[in-house]
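Got a structure for you, questions after.
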Amino acid sequence: MIIVMSHQATPPQVEAVVERIREIGLRPEVSLGEDRAVIGVIGGNAYAYREAFSHLSGIQEIVQVTKPFKLASREFRPDDTVVDVAGVRVGGDEVVVMAGPCSVENQDMLLETARHVASQGARLLRGGAFKPRTSPYSFQGLGESGLRLLAEAREATGLRVVSEVVAPGDVELVASYVDLLQVGTRNMQNYALLQEVGRSQRPVLLKRGMSSTVEEWLLAAEYVLSQGNRGVILCERGIRTFEQSTRFTLDLNSVPLVRELSHLPVIVDPSQGTGRWSLVRPMSLAAVAAGAHGLILEVHPRPDQALSDGAQSLDFENFDQLMADLRRLASSLAKQLT
Amino acid sequence: MIIVMSHQATPPQVEAVVERIREIGLRPEVSLGEDRAVIGVIGGNAYAYREAFSHLSGIQEIVQVTKPFKLASREFRPDDTVVDVAGVRVGGDEVVVMAGPCSVENQDMLLETARHVASQGARLLRGGAFKPRTSPYSFQGLGESGLRLLAEAREATGLRVVSEVVAPGDVELVASYVDLLQVGTRNMQNYALLQEVGRSQRPVLLKRGMSSTVEEWLLAAEYVLSQGNRGVILCERGIRTFEQSTRFTLDLNSVPLVRELSHLPVIVDPSQGTGRWSLVRPMSLAAVAAGAHGLILEVHPRPDQALSDGAQSLDFENFDQLMADLRRLASSLAKQLT
Amino acid sequence: MIIVMSHQATPPQVEAVVERIREIGLRPEVSLGEDRAVIGVIGGNAYAYREAFSHLSGIQEIVQVTKPFKLASREFRPDDTVVDVAGVRVGGDEVVVMAGPCSVENQDMLLETARHVASQGARLLRGGAFKPRTSPYSFQGLGESGLRLLAEAREATGLRVVSEVVAPGDVELVASYVDLLQVGTRNMQNYALLQEVGRSQRPVLLKRGMSSTVEEWLLAAEYVLSQGNRGVILCERGIRTFEQSTRFTLDLNSVPLVRELSHLPVIVDPSQGTGRWSLVRPMSLAAVAAGAHGLILEVHPRPDQALSDGAQSLDFENFDQLMADLRRLASSLAKQLT
Amino acid sequence: MIIVMSHQATPPQVEAVVERIREIGLRPEVSLGEDRAVIGVIGGNAYAYREAFSHLSGIQEIVQVTKPFKLASREFRPDDTVVDVAGVRVGGDEVVVMAGPCSVENQDMLLETARHVASQGARLLRGGAFKPRTSPYSFQGLGESGLRLLAEAREATGLRVVSEVVAPGDVELVASYVDLLQVGTRNMQNYALLQEVGRSQRPVLLKRGMSSTVEEWLLAAEYVLSQGNRGVILCERGIRTFEQSTRFTLDLNSVPLVRELSHLPVIVDPSQGTGRWSLVRPMSLAAVAAGAHGLILEVHPRPDQALSDGAQSLDFENFDQLMADLRRLASSLAKQLT
């Protein structure tokens, strides 16, 4: 942390800042320029204390030098992390496709979808059992019976299963059924939930908050990592901007950026991110070209009958076309797809 | 809900939509224009079913006519709701000021602050015991012992107490200490938490999500109301925009807008909303002029020593000046301030 | 400007940065900390050269210390600037109201409006003659004949006149008719236009770009000031955010912020900023309470017949009510209103 | 356009709306539902008149049915437009790469860059002669002598040339030197400029405004098209969002979306869009995978010495690597690259 003093700051004001740094137990390093004084603050987690200076007079700016996240940072771990999801490795050269309906609706539909996506090369089955819905009057998911259906589909197809958990008290239950715990966009800063999944043994799919900066997203990952769970997979799913012609603005820039800043794997959700099924194919290809380690896609046998988010689900035919295109793309990028 | 067909839609496509409406149990009302067909959908909560149409062909647009929130709407209750917080009425002609430190740090500081703000006309004491912090390495609050200090300050001063609850499992505990349960911006779409506070007897201060539309905010209120708790106070606290010279963009437009759309009281948090103490005074006056029923303010005896958010806290002198200005302003608007 | 080196930066990397600073003709001031080196860059307009460093290795961050605007800054001129608009002083204790139709439509309507707003205390008449319209098929304004009508209304009422100029080639023409040249939100970064109005003798009303930061807005003012025209009045008119329930998000935070950073007067346009006439009254009061030096309001005798932006125009009755409320508010804030 | 009446609207209110529609010269088509009346408005450009209804009572909502742009719409022209830029076809199967420095600095640098990018397969040389700069104190470009250097580089290499025009009065001059006229992001709603380039014979590269919706962007294209110039190439270059870790948020979603809504070709500028050279390679690949017809890239022989935007320029080595990657990608997508 660096404290830049105003060019009008008096020597007693500089001294007061130096005093305060020592009081907190950190070490000041003053550089008296011709124009102004600049004070380096060394030791501990200086960043957490920056507010302790905010009312002292004569300060022009406080600059954070080190990244606020540690365990999630590329500096901490220079090599890519590969997360093992019950044998499926996310973060390496394979483009891992997770596919399935937005919500688990019933056994037939789920099995039909699971068998289909498995036959095309998907590795995980997605499906919501506990749904966070904007309106209290919308379909809220089947709960535990939905999880049971997912587990049955795993038995039938060999696909691994990912599903969302929305409350700290449900983590154990959901973890007993799924291979990958999803934390959704609306809960990215639900710290009680992050800590609870951090104490679980299951790997975690951490969706980006729809108004979260990349730094906040990595800090949310840090919550999970700091509890001892090192299996975090990031998922870009679109941010909220002024543009309303897509449901969200899928921010693919975050993919290469996160890969610079962090060692964690990152996948992309173009279904939620765009909200328009016709954009899912081009944006899936773009995501992989940008460096994503995988995709999570909404697929439904009959999207026009879906209980939620039909407009953004692919039907089987579109999904098959996408998988074929992805396969060609992956090979041109020296990646694999099952 | 109105379904606007494309001008190229064929009669069988129109018929398919009509069929689907009937299948769901709603009633279609077709208007065949020269240019295109427009189909009204009547009955039930049509909005919840809009996705059932999204894959049918020939549809150009689906328009929501009725607001998705009900209990929160001005139509449902034409008169302003006044929420009773242990005898303090929020939503009437009084400008209710809630003030105190961002975090409860220790007994002396809290009592000193409580006595001071009470002497100037504040009605509630605010103070965080459970803090949602972006970094896992930041100060997370004192927890239950913080709540105990708040309750002691209530005894000593007569101020009512408001504090945040961050997990469904903590609602009962926090409610046993405070008069008003706060749901913070990062939890505005934490539906498990909303439902739990909805089952509590305590009134709820519902902060706007930093990336939530006014409609989503009122839907979050609907979650609480629909569980039987009718004591919801809304709180505008700033939204996230491209502008970074303030911490958030305090959106005062939402105050008169919410008062048009809803009967619920609305207050404003200019401390969190701007993140700069020097903006708190002008934006507090602006909030009341825009029609806010109250303010929630960060006040700290020595902001330069605050453990969190010092830069946005008022010291006692600035708080006193603000209260004097507010009193003059309120009387020009025919409102009261204790 | 301060260059923060990475903690892994080698001495030759530090030396390369120092060399580059000298090459450009600036002066380096190196502070070798325990953890890393920090290099101050002194002299000239260092900011303009920051890009010259961006490819050197070992640099972690480049921090701008001084504000990029000069003539517009409070440091340059500690006292408030009062702009004289043909005898009306904007920037002092008077709340200056500018009112009139969005577009000049015809003589009768304009005169009727001018007489009415003058009778209630408005000091300037607004009205668009050259209109920047999103669609090429929308009404584009009356052009010079609109300006002539404005000048006639000035004769008839004594109101001063403000109107927009949209092309550099039109500045002289528009300046020959109006007392205050308006640069609209879509042209805030039309630098050819800014320079041309900067060479004019007329004062300039500079609207904030709908996606401009406060810093960019002040830099746009700097373009005008640096051409020799010191009569710049800033106008907050709403920014673009994710929230679509208002047409724009009127950002009142910018009012006290601009007054901290700059000596220039600032007014507010709640009609354009909210796009809803029912919000104009509360947001006008809020703007003045936040410290605005004036307001610019759309008023139309029969808003339902307006050729543009009817939804955001006040009718005479609402305007009169607003002026009465403003007068009470202004006196509580020790300001005047004619 | 469809006018949805409130369910409390009285028959006289409905009648007033019907009357108003007729007055304007449009045709009403009333559908009286059980719940409310819905009125279709037929004929002319109903959209331009929507404001004429905004003050009538009893109206709940006014819904636009047809797109506001015509000549730019896919309905108007179902087949892709291919724009001929002095023999280079943009909009077909070839991925057209435009490359060069941000600003034209001097002859040697420009020729060196032009020869290099031409040797790697670029088809156009880019370079700014008239630069729109946020600060009046930044380098503003070489003006006409910069254009002359561009023309010389064309002679020497066979590359076509694209450069920005910033004022209506400069269009003729710039068009006499370049093959493709660029309208920059800050001028996307500079309608005087759009109309002037619309009257030129040169094709136009229309960058998206940094806070423009896709609809507004297509309306800006409509301004050019409606003046008779049918050679419009769209260019996505990033939008302004809350995320500040990239300079802008490059919105690749707009690429497939624009291709659905319009027949015009669309290219992408990842240099401006991200502002970080290390993201240019992945986002270029992503853009082409999303369906872009080309790229415009900043390339500089020594980016650390660039007079503007060095941080986002590729050096020759990175450019060569990108071209090789693009070539592999294009062939997997059945596209070509020279």
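Order of writing sets the chain letters: A, B, C and D. Residues in each chain are counted from 1.
Keep this in mind: contacts are C-beta pairs under 8 Å (C-beta built on N, C-alpha and C of every residue); 3 or more make two chains touch, one makes a residue touch a chain.
Just so it is clear, the model here is predicted, and its values are computed rather than measured.
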{"item": "Reference subunit D; chain at largest CA-centroid distance", "value": "B"}
{"item": "Between the pairs A-C and A-D, the one where more C-beta pairs touch", "value": "A-D"}
{"item": "Inter-centroid spacing, subunit C versus subunit A (mean Cα positions, whole Å)", "value": "39"}
{"item": "Length of the line joining the C-alpha centres of subunit A and subunit B, rounded to whole Å", "value": "26"}
{"item": "Centroid distance [mean C-alpha coordinates] between subunit D and subunit A, Å", "value": "31"}
{"item": "Multi-chain contact sites of subunit B, meaning residues that touch two or more partners", "value": "211, 240-242, 244"}
{"item": "Subunit A partner contacts - residues on subunit B that touch it in the complex", "value": "20, 45, 47-48, 51-56, 68-69, 132-139, 166-170, 186-187, 189-192, 209-211, 216, 219, 222-223, 226, 240, 277, 302-311, 315"}
{"item": "Of all residues in subunit B, those that touch subunit C in their complex", "value": "211, 213-215, 239, 241-246, 249-257, 260, 273-274, 276, 278-279, 282-283, 285-291, 328-329, 331-333"}
{"item": "Residues of subunit B that touch subunit D when the two form their complex", "value": "2, 4, 29, 31, 33-36, 38, 40, 42, 60-61, 63, 65, 211, 240-242, 244"}
